[in-house]
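The next part holds the structures, each set out as structure tokens.
Same chain, two partners: chain A is paired with chain B first, then with chain C.
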Partner chain A sequence: MDALGLVNAAFDLVVIVLLPAVALGAVMSADLFKAIILFITLGLLLALTWVRLAAPDVALAEAAIGSGLMGALLLSARERLARTRPGRDRRTSHYPRWMTHPPPRRSHRAVSPWAASGLVLIAVAGLTAAVVTLPHEAAGLAPEVARQTPQRDLANQVTFVLLDARGYDTLLEIGVLLLAVAAVWSLGEAPEPPQNAAGPMLQGFVGTVGPIMVLVAGYLLWAGTDAPGGAFQAGVMLGALGVLLSLAGRHPLARLPGWALRLAVVSGPMLFLAVGVTMIGLGRHFLEYPQAHAKALILLIEATAMISIGVILVSLYAGGRPLSDESGTRKGRL
Partner chain B sequence: MIALAVAVSCPIWAIVVPLVGAALTMLWPRRATFVGAAATLTTLAVVTALTARIAQTGVQRYAVGGWGAPLGIDLYADGLSAILLAITAAVAAGVSLYGLRYFRAVSVLAYFWTLWLFVWAALNALFLSGDIFNLYVTLELVGLSAVALVALAGGGAALTGALRYLLVSLVGSASYLLGVALLYGQYAVLDIASLGAQVQPDTVTWVAMAAMFAGLMLKTALFPLHFWLPAAHGAAPAPVSAVLSGLVVKASFYILVRLWLQLFPIAVPAPGQLLGALGAAAILWGSIQALRQERLKMLLAYSTVAQIGYLFLVFPLADTVAAQTAWLGVLMFIASHALAKSALFLCAGNILRYYGHDRVHKLGGAARGEPVTFFALGLAGVSLIGLPPSGGFIAKWLLIEAAMASGQWWWVLVMVTGAFLAATYVFRVLGDGLISGTVSARRQVVAPGMAGAALLLALGATVLGFLAVPMDELRQIGWPLVAVRGGQP
Partner chain C sequence: MEAIDLVTGVGLVLGAFFFCAGTIALLRFPDIYTRLHALTKGDNVGLALVLLALSFQAGSWSEVCALLLIWLLVMVASSTTSFLIAQAAQRKGVKPWTR
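Moving on to the complex of A and B:
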């Protein structure tokens, strides 16, 4: 027991030292590639931190989204920046010049570094003062959550809070994802994917790992009601598979007709809304599940949300509206 | 029939209806105009029903998911919410009408409806939220959809403005969220009403308040945190600028008001005076910058910076004998600025369409070329300056009265100076238009719906001048802490 405590303390110490060091490195690095790699590392370290803080759900999400998917997005953005050569196509490119250029080493400073440091110091001082006086063992609403969760036939309190007690927040958060896709699609069509054929290693890897990832996504979804996991983590797993497939040159969304893609993106939030409204029709409040069917409804919502989240993440990675979408190519007048 | 009216007036519909509309426009982009118009009309109906319900039966509390605070999330709708919902609906009607005819490319049109219905849903959700974490979620939704709408204009200026707006918006939300986390750590509850009953003037609470106020001031673009606003509001498509200047900056201000009224543990004069001073600086700086602008849309954007300053003058007056007058004044100001400024931005869109440019000194002959638009421009300008009869006049009158009654005459000086400066920049636009100059060859027809939408909003700003009494009656429904803060010296 003592030995374990010692190991834990040493582990914490390493994380505490590494976290700010890696974060600083990511911010200060002049090399974009290095900064991205450090950012991915930071995400993994944060995930470990969440594990140590006994928040495995947050750790899963952080590792999958904060580190994995963000990393993929950043790397693909970097590649797109490199591909858009400066000066070329300036008339048709609707990106501002500084986005298509390699970032300048010394950019114009709008705020003096002294003022910025002063602001940061004030913020740190205030936060330190506040955190020091926070109650130490505050239980928050945890006891109440622990009391209510089993009554819903759920064992994972996080799922209970996210899908049941505060399902409305989650509905709006899924709305944020939908909004993100709408925003990216509104900016223009997806760039032509690079034609360089993926090596046999990647092809083989995707072939082997793909089915396993689908299985893991399904497991995360199913287990999410009772153990760490859930729609977000499962959706990200599907999204990661989509990104891998894209990298291997098999663009998973390119073959879908426009309407099917749009349906897949919208179905998660729409079903969530439909369940909520149905409850009103049954004389209950919006999203007030009946006791007997709460678990089934939550699983249904999560399953649809998982598919939407996965498709949305792959769409975001594609970086523009799909070429097959007729509404985008038909530039008629109203 | 009555049962239907009661069912429709449930607060959740004001959020669900535009949200469903947004999702449907995304699913069915080629019918986006039809779906968008239908969603607009339905949302207008449910918001009207909800406002009427609040006016008749008082404060509404609705437990989403049936749990109720503290475990669940409550929607909370009092008179203050009702006023903001109604203002949003009024501006939304004008913007939707305008949006029917403004966009030409089918793809842009479809995304306009999706994003615009998202903003509307998020704004309604924000005004109805009774929970500080849920407020954060709605704030994020408002911010992200607003950013996407700015980028809809395409082109370098819009994308740069949008990206800067995105970064600012995220920093502002993160700062607010930090405050939420601290408050939850201290009080273990997120419901505003329960929090309000528990708050103590301790370190954690003050730091949390400082973080939340800083984030929201950044989002409201209070001087000197306004640096991002002109680029974003100036570069966005006209109906989007109308939504941003008219409504979106008011959303974060609304949260400031809620926090001030319901969560500030004790009345302390220093923060109020500081906010008032920043507001005064915003009025002077924004007005002077507006005077110096070449382009009409940039002029209007800087005018928004100035007009936001007036909103913050309520805080130094809020703990005095004149508190009630000051609060009514500021709500009147929010309403009149929302209507007048959105009308002005729609006018700017029409002028841009008509002339192909919006350079202020080259608008000669606009009065003859685009009479309806020009009339709307003049009418909205009257309200912006604060001349009678208009909502802007009543709003400034009430604020000046409150400042005098509480003995803080220096705010009166600022407000009068601001009105003079506003008159100068409004007449700078109107003057050139009235002179019968030569109209350049590149003229395009402005659809009647576009001119009509601007005129409707401008008329709304004028009619508002006669609605102070009903607005005060609505405001008093569930007005927070009337006995403690609002009144006796």
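Moving on to the complex of A and C:
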């Protein structure tokens, strides 16, 4: 083994040791804040792992969604939990108890820890058996994908698989996000965002970084056709910008009337579906694109999906229906 | 080994030293303000050295520019976050450490 291989092996070993340790810490920690920070760390370690496995697409998605936005969502949920006085808050009094009360430390566990550990052990044993009995040198689907991927137009094999060969995967993922927004909006209205929390530093930071983030989102979308990137990564970039703007006290969706917000949320999946159904009408399969227009169609779908994903993520972060819905005025904050 | 690889190696080791120093400070310093102070300073210099070392290995000027951009963005982000953390601590009433 040469020097570089040795360094890589040492790096991998560190990651392999850290991954379960951090995961355990996140699960076992009684302090919610500590658990969330460890969860964010776990996401970053996972992203590193994907990089080492030569899967930059997955690494980007994991770092942006699994670590960044999930972290922001968890932190805001924890902060909201701390602000909520159980049973008294008008907005949350109809919530089920488990949502407004901190988890009990040791009382009435629903599942015995032994049963849970047993299930996990069985799962681990099954996975281990599956990995051990994997055929060596299995070719997998990689050659087939490489053969099918068009050479010039859509050179990124991951994008090709996700949007052309298995487009319904991506469609369903956006569908899940849509369902999540519907669930969050049906739980209640968004909490009043903290006023004057952010000073000039954060606002200046958003002013500096915001334009760059928009640029990066556009780049990720465009590059997604022949390099790592795509609608999800780009949408998360926009979503993160939206979260930053909310934190800086400039709620990005506040000026949108309700119908525009809802249109932005559903336009991505709707266009996706419309194109798919049109293809059936033209005598093709669902979500099968004609070779000549594949790139243009996929870019169009991805651009709309990016907007939808960004708006959905910001709506999720807001944590409830936009306030304007009840008052009827257009000054609602989100 | 060529001279340029040696320069890269020295830069990487120096960068790692600054990262280590920042991390040790994070673990050993007495309060949040001193920790933030040492950590952000150490990490910025460490990152600068690592990226400088890597830019000697870059194949083109655009790669060098990308590395420079990474450094600038991380600096903007880390200085802002360290300020915000310190501000939050001050608002919560965390007293600065005094001997």
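By our rule, the second predicted complex is superposed on the first by the 311 of 334 C-alpha atoms of A that agree within 3 Å, B and C clash if a C-alpha of one lies under 4 Å from a C-alpha of the other, contacts with A are read in each partner's own complex, and residues count from 1 in each chain.
Here, a residue touches a chain if its C-beta (ideal position, glycine included) is under 8 Å from a C-beta of that chain, and two chains touch if they have at least 3 such contacts.
Keep in mind the model is a prediction, meaning the values are calculated, not measured.
With both complexes brought onto chain A, simultaneous placement of chain B and chain C is permitted, the two fitting side by side without a clash.
By the touch criterion defined above, A:V209 lies against chain C but remains apart from chain B after alignment on the C-alpha atoms of chain A. In the superposed three-chain model, the partner touching more residues of chain A is B, compared with the other of chain B and chain C. Contact with chain B, but none with chain C, is seen for A:P135 once the two complexes are overlaid on the shared chain. In the superposition on chain A, contact of A:F33 is made with neither chain B nor chain C.
Looking at the shared chain after the overlay, A:F11 reaches neither chain B nor chain C. In the superposition on chain A, A:G276 makes contact with chain B only, not with chain C. Here's the short version: in the overlay, chain B gets within 32 Å of chain C at its closest Cα pair. Those residues of chain A lying in contact with chain B across their complex are 94-99, 110, 123, 126-127, 129-131, 133-135, 138-141, 144-145, 148, 164-169, 172-173, 175-176, 178-180, 182-183, 185-187, 259, 262-263, 265-266, 269-270, 273, 276-277, 280, 284-289, 321, 325-328, 330-334.
If you check the complex, the residues on chain A that touch chain C are 199, 201-202, 205, 208-209, 212.
The residues of chain C lying in touch with chain A in their complex are 73, 76-77, 80, 83-84, 87. Across the complex, chain A is touched by residues 7, 10, 12, 16, 19-20, 22-23, 26-27, 29-30, 33, 62-67, 70-73, 101, 103-111, 114-115, 118, 121-122, 125, 133-134, 137-138, 140-141, 144-145, 147-148, 151-152, 154-157, 159-160, 178, 182, 184-186, 188-189, 202-204, 207-208, 210-211, 227 of chain B.
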